[in-house]
Amino acid sequence: MRGKFLKVAVAATATTMLATACSGGGNDSSDDAAGQAGGELRIYNAEPAFLLPSAGDDEPSLYVIRQLYSQLVKYNAETGAPENDLAESIESTDQKLWTIKVKSGYTFDNGEPVNADAFIRAWNFAAYSPNGQNNGYFMKKIAGFKDLQSTDPDGDGPKKAPEPKAKELSGLKKVDDLTFTVELDTPFSGFPTTIGYPGFSPMAKACVDDSEKCNETPIGNGRYKIEGSWQHNVGINLVRSDTYKGEPGKADKLTYRIFADVDAAYASFQSGELDVMYTLPPARYKEAKSQYGDRLFELAGDSLTYVGMPIYNDAFKKKEIRQALSLAIDRQSIIDAVFDGRQAPATGFIAPSFQGARENVCQYCKKDVEKAKALLAAAGGWPAGQKLTLWANAGAGHDQWLQAVGDQIKAALGIDYELKVNLQFAQYLETADAKKFTGPFRLGWGPDYPYLETFLAPLYSTGADSNNSTYANPEFDSLLTQGDGANSIDEAIPFYQKAEDLILEDLPVLPMWWRKEAAVYSENVDKFVWNKVSDADYGSISLKQN
Amino acid sequence: MSTDVNVKMDAIPGLDPNAMPLQVKDLHVEFRTRNGIAHAVNGVSFDLQPGETRAILGESGCGKSVTAQAIMGILDTPPGFVTGGEILYRGVDLLKLPEAQRRKVRANKIAMIFQDALSALNPVFTVGFQLGELFRKHRGMSRKDAKARSIELLDLVKIPAARQRVNEYPHQFSGGMRQRVMIAMALALDPEVLIADEPTTALDVTVQAQIMALLAELQRERNMSLVLITHDMGVVADVADRISVMYAGRVIEEAPVNDIYASPAHPYTKGLLESIPRLDLKGQELSAIKGLPPVLTNIPRGCAFNPRCRYAQDVCRHDPPVPLYQVSSARTAACHFWKEVKGDE
Amino acid sequence: MGRYVIRRLLQFIPTVLGTMFLLHYITSLAIQFSGNPVRAIFGDRTPPPALLAAVTERLGYGDPCLDQKGNPCFGLFLDRMQKIFSLNPDFGVNLRLRPVTELVSDALPYTLKLLVIAILFQSIVGIAAGVWAGLRSGSFADNLVKISTVFLISVPIFVLGLVVREFVGVKFGNVLRGQEWIPEVISRGVFSPGFKPDYPLASLIIPGMVLGAVSLATTARLTRTSIMENLRADYVRTARAKGLANKRVIGVHTLRNSLIPVITFIGVDIGSSMAGAVVTETIFNVPGIGRLVTLAARTGESSVVIGVVTMLVLVVLIANLLVDILYAVLDPRIRYE
Amino acid sequence: MSDLTSAGTAIGGAPVGGDGPAPETPETGGKDHNASLWADARRQLVRDPVFMLSFLYVLVVGSMAAFPSLWTSQDPRACSTDRSRIPPSGDHPFGFDILGCDYYSHAIYGARPSMIIAIMATGAMVLIGGGLGLLAGYYGGWVDTIISRVMDIFLSLPFLLGAIVFLTVIKRQNPYTIAMVLFLLTWPVIARIIRGSVISGKDLDYVQAARAVGAGNGRLMFRHILPNAIAPMLVYATIVLGAFVAAEATLTFLGVGLQPPAQSWGIMISVHQVYFLEDPWLLLFPCGLLVGTVLSFILMGDALRDALDPKFR
């Protein structure tokens, strides 16, 4: 379960963006005529990993945390544009030092004020590695992050990791009660769009002091607060918070029912026991479409599935080989057969909904057997008798489509294949980290923040953590740096697009498809709201009132 | 369950207190098995006077136990079926009684002792429970009274320390003691007829004698009629008044005990007697009967014994079966050549 | 009796230790050969090594013996044993840092309820069907029971579960839910397609029945053969000869003996029922032990697997011990051995 | 199905309680008796239509496993996503699966792993489990103690949980490893059956007689004691063959069994179970084959038990 968050299409420009403006509404859901308050919304959820905002980074966690905590920025449901929420203003002149002013008067459920300290405290807590918070990862652009990480002196896993050098991020400075500054390591024009991610939520002192308890019984600052505590594997009940100063949630109660199996959940939905399901079992998609019609909500998503190329392996060094393989695959046909059409074929490296994405830029992503054969021949052919090994992790259903990919390559290029699909995810990822794949490998990527850079830098820049294909191209790296340092997003985008052009030719990975979001809701739902960035926004969904 | 069973018994229509306690007429029993129909009993008849002891003698598989079970009405049905004949208790045909009334006859009027007391006693209940059950269900006694009666009964059959042993389980008793428990159980309700199916076969010789003596003593005291089923001619000689010899589901000879021992009228009876080792004939070869008893699904035509018989002639090998010849006023034999057999001695 | 219990208890100890060591060794091997399960938490995103190390350490996967392939890690085993057999038993934590004891205590009540329903269903219906068939050997009833039980045993439980969920829970349930006069506890509880917190017991009835189905078939078959064997037993004949009513002959003299192996089976079967819960709980979304352990095994959370399975095995072994003692109570022949 | 050990219990008749009462002693002993027992059994089985039908079914499935090309000329790995989930038709009686592979040939080739797993696991179980049971029962004393405790350890692992644990650890999920795991978790059952028979057979008169005339341990075990134990073992082994076929499918459903692109009935069922409302035939065909096989083995075991058990004559 991979984190998926913000996917802003438009991020406001310039240095003084998001100044005040339209906090507290502006979209339809705030219009009282469109949706009345009240009722209980019964929601499908999988078991969250954590309810602590510094730790929860998977869908089920985020869908709960978003209702419990508010952040500095929120995203417009329709356009995805960031709007100030708790922030009064977010400003920078050099894209490196950001000054953030927090609105006054907001409090946590336990009465503590939401102020500059609440943010500094939360971000430090997340970044300090001995705390083992998953979302510490997102703090890594802030200056001083490395000092909060314990280093491994002998490199082979000591019995006890040494204490990190510092406990607090040097880049976070409190100016006054409601103002603080954030200094980044390098300029990053997209920073303000990132901090609407729940990992950047403020945390109460009581919560940081006893984070385990806060995980079970969250102390939030959002539209809803928890009723009782987290009933593991059974459910989570939220009620509307009376103390929340912003726009209140629609439903009186949000009841999350936890399922381990999406098929079981769908059966419950069919029996009228759920009002919203944010996902569907793939095999039931057609049925749902005919049965629920307009109560099936669909939206092109931003989770990329790709087939990585082990460039470190001699057989895959030539880009013609990679291009030939890509040309042999009929993506739409696999999507129809295996996914019932619930994916959109990838025609580029950047999610179509993102600002700066271009359609049909990938000339190697359409099936063209003749061209594929020609390219393969030009590269000197495939070594005779050698099987193409296709890798995927076990138990997640990837073997199906990977087999179809293999079948198509075999049919088009005459390269026989074998599947290596028996590694558990942990071992599979270790294999990836150790660069030990012997053939194309399945992996996925979701954006870390709603900014197109997230589809480029972490995956393909030289030596990046998730650059599993070991692609290295100095030209690509320098284009990214130029984009990061640009004065505005508009100015940055052309650099990123040029960088994308490079990998579209080199194909360090073969982009396969983007997930389509599909949600169903019951007849009880009056107005269904799906946030373009943060997906299911349960607090904004209103119920029919009888 | 507080009804007095005896009162009910008198209500059985046609009950004649002066009639014989037991009379079996032309009884037929067959077993319907996967391998065909086994004719286990083919026209057995005998009667029993009050206080009389009748022995039914024969090899295993000749139908004597089946006859006993048919009388008790405890045949396993299926596969066993009574297909003909009458079983009269004091003139009433038990086979025609409804099950509820027939049940009252069991143990009350006709009781039975089984061969292997270890398997015939329920292993998971105490001896006291199994004895007391009779008094509770047939006499409507309380548990406490039933237990007291059980102890008396165990005393009666000479089980030492009855008061303690009444709470023990069958497997804690020795073979002889277990058989005494069986006898106690059979006598509990003062039956008029006792059927003992090989009561001593599973026991040591010394214990056998004790048990037979006990049985004889109890029979005398209570003037019971006894049907003693056995394959052991030695046991019979001491206690029986009359003997019915069975072979392949038929009674082939019937006579007072002394007559049979003196001069058997059927070659089979003769063979049986000759197979008893006798001290006075020391040194002579034992003449056992040759061959095996017939398979009951395939009984030979004519006289069933003919393949093993040294007197057999053509007439024995064809239907109809041999009729019962009246050997003397009190005895019959089913052999065409009974005179030769008898005179041979 | 006392000696018998003591002997069984003495046998119990090495079995428990042996089983736990077996599990410990298996999970250690799993880590040694397939790597650090902590890595999976981070998914596609490669974590900074420091963060990975920190989390690994916190979860107790830092022991160096876990890097040596084939090392049985006796030291780690002793540590674990000390923690488990202390006053506050410590079975470790999961990747999300929740103690296994807590995970199990959350999940156990559901599994127990499920088991009780399954066992009740299996014993009542199974024994009734078995007795019915056994008493009428060769009849229509007998053949019906014989065929349906064999069929039940042959159908994979997950197929059965899926079919029941879709047709009984969803389709038939929706019909019921459309009827106003049917009480909600029936239409929304019993015929719900899975576990529902609003009806914590009613909604477990059908999953429990599915779980008990296979054992029900086995129970029925066992009862049937046992009854048939016992009906031929000499002591049943004796009971008839005693002039007892048929009800009593069957009810007291036959049943008591026939049920001894059945009860033993049901007891021993608790273990496999718990394992069967793995499938049933997944299909019917019951937040119990089976679901817990399947998820943990899939993500390679060995601390959870070893913790939960160890606790389960303890339960199974204790159940077996109790069954043995119960067996001795039921069958006096054992007691005085 | 989910509980091999208990299925055997019920079907085998006697409880497999390790320290329960020793099973009833055979009514009579001796080789003559055995010879006629087997001859009788054979005669009875040949006349039993249920047994013969089941046997025929198993032969059919066996020939699918051994010689798939007899049954189909299609290559189950010639797939094209264009033909995904096309319903059955004349040329393709089972239609196509979601990857557009011919479903009929898939089903034929799928018989092999199921049968291989079942046969290998049962074979190992009979040989090794039976051998250990024989040793434990015959020698008694500390040999018995050790073997019995090891049996307890393996039996205390509930079957499915044990299989999940073992298979997640082993990771190489091919027919051999699955067979090994099935064997590891079930051998104690057969060992107990044999141990019980041997203990009761050891004291039979003819065994004592053979011992008295100086027969060695090996001869006593194999010529005199083992033959008596073979009947219950054979019955159990037949039934367990069916149970193992089902076990493969269940393990695959739980994600710890065989992995695609291997072909097995379990894979067919677990991959297509989600489509069973939309395209029920995708589930129906493999399920039918599987249930038929399991059913056949169980019915054969039943018939064998009836034929071999003198109590049921």
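Per-chain numbering from 1; labels A, B, C and D assigned in written order.
Keep in mind that, in the parts below, a residue touches a chain if its C-beta (ideal position, glycine included) is under 8 Å from a C-beta of that chain, and two chains touch if they have at least 3 such contacts.
Keep in mind it's a predicted model, so treat the numbers as computed, not measured.
S.K.: With respect to inter-chain C-beta contacts, which pair, B-C or C-D, contains the greater number?
M.R.: Result: the pair with more contacts is C-D.
S.K.: Need the central chain here, defined by C-alpha centroid distance to the all-chain C-alpha centroid.
M.R.: Per-chain C-alpha centroids ranked by distance to the global centroid put C first.
S.K.: Per the centroid of Cα atoms for each chain, what is the distance between chain B and chain C, given in Å?
M.R.: It comes to 53 Å between the two C-alpha centres.
S.K.: I'd like to verify one number: the distance from the centre of chain C to the centre of chain D, where each centre is the average of its C-alpha atoms, in whole angstrom.
M.R.: The separation of the two C-alpha centroids amounts to 22 Å.
S.K.: Need the CA-centroid distance for the pair chain A / chain C, whole Å please.
M.R.: Distance between chain centres: 39 Å.
S.K.: Based only on mean CA positions, could you tell me how far chain A sits from chain B in angstrom?
M.R.: Between these chains, centre-to-centre, one finds 91 Å.
S.K.: So which stretches of chain C touch two or more other chains?
M.R.: Each of 34, 166, 232, 298, 300, 331, 333 in chain C touches at least two other chains.
S.K.: Could you say which residues in chain B touch two or more other chains, in rising order?
M.R.: Residues of chain B touching two or more partner chains: there are none.
S.K.: Two-or-more-chain contact residues of chain A, please, as numbers and ranges.
M.R.: 263, 395, 423-424, 427
S.K.: Which of the residues in chain C come into contact with chain A in the complex?
M.R.: Touch list, chain C to chain A: 34-51, 53-58, 62-64, 67, 96-98, 103, 106-107, 165-166, 169-170, 173-174, 177, 188, 192-194, 196-197, 281-285, 287, 291-292, 295, 298-300.
S.K.: Any idea which chain D residues touch chain A in the complex?
M.R.: 77, 79-82, 84-85, 98-100, 168, 171-173, 255, 259-261, 271, 274-275, 277-278
S.K.: Over in the complex, which chain C residues touch chain B? Could you list them?
M.R.: Chain C reaches chain B through residues 137-138, 231-235, 237-246, 248, 253, 256-257, 260, 330-333, 336.
S.K.: Going by the contact rule at the top, pick out the chain A residues touching chain D in the complex.
M.R.: For chain A paired with chain D, touching residues are 263, 281-284, 286-287, 330, 333-334, 336-338, 394-395, 399-400, 403-404, 406-408, 411, 419, 421-424, 427.
S.K.: Where on chain A does chain C make contact in their complex?
M.R.: Touching chain C from chain A are residues 1-3, 49-50, 129-132, 134, 136-137, 140, 149-152, 156-161, 164, 212, 231-235, 257-261, 263-265, 267-268, 270-273, 395, 423-427, 429-430, 432-433, 443-446, 448, 458, 465-466.
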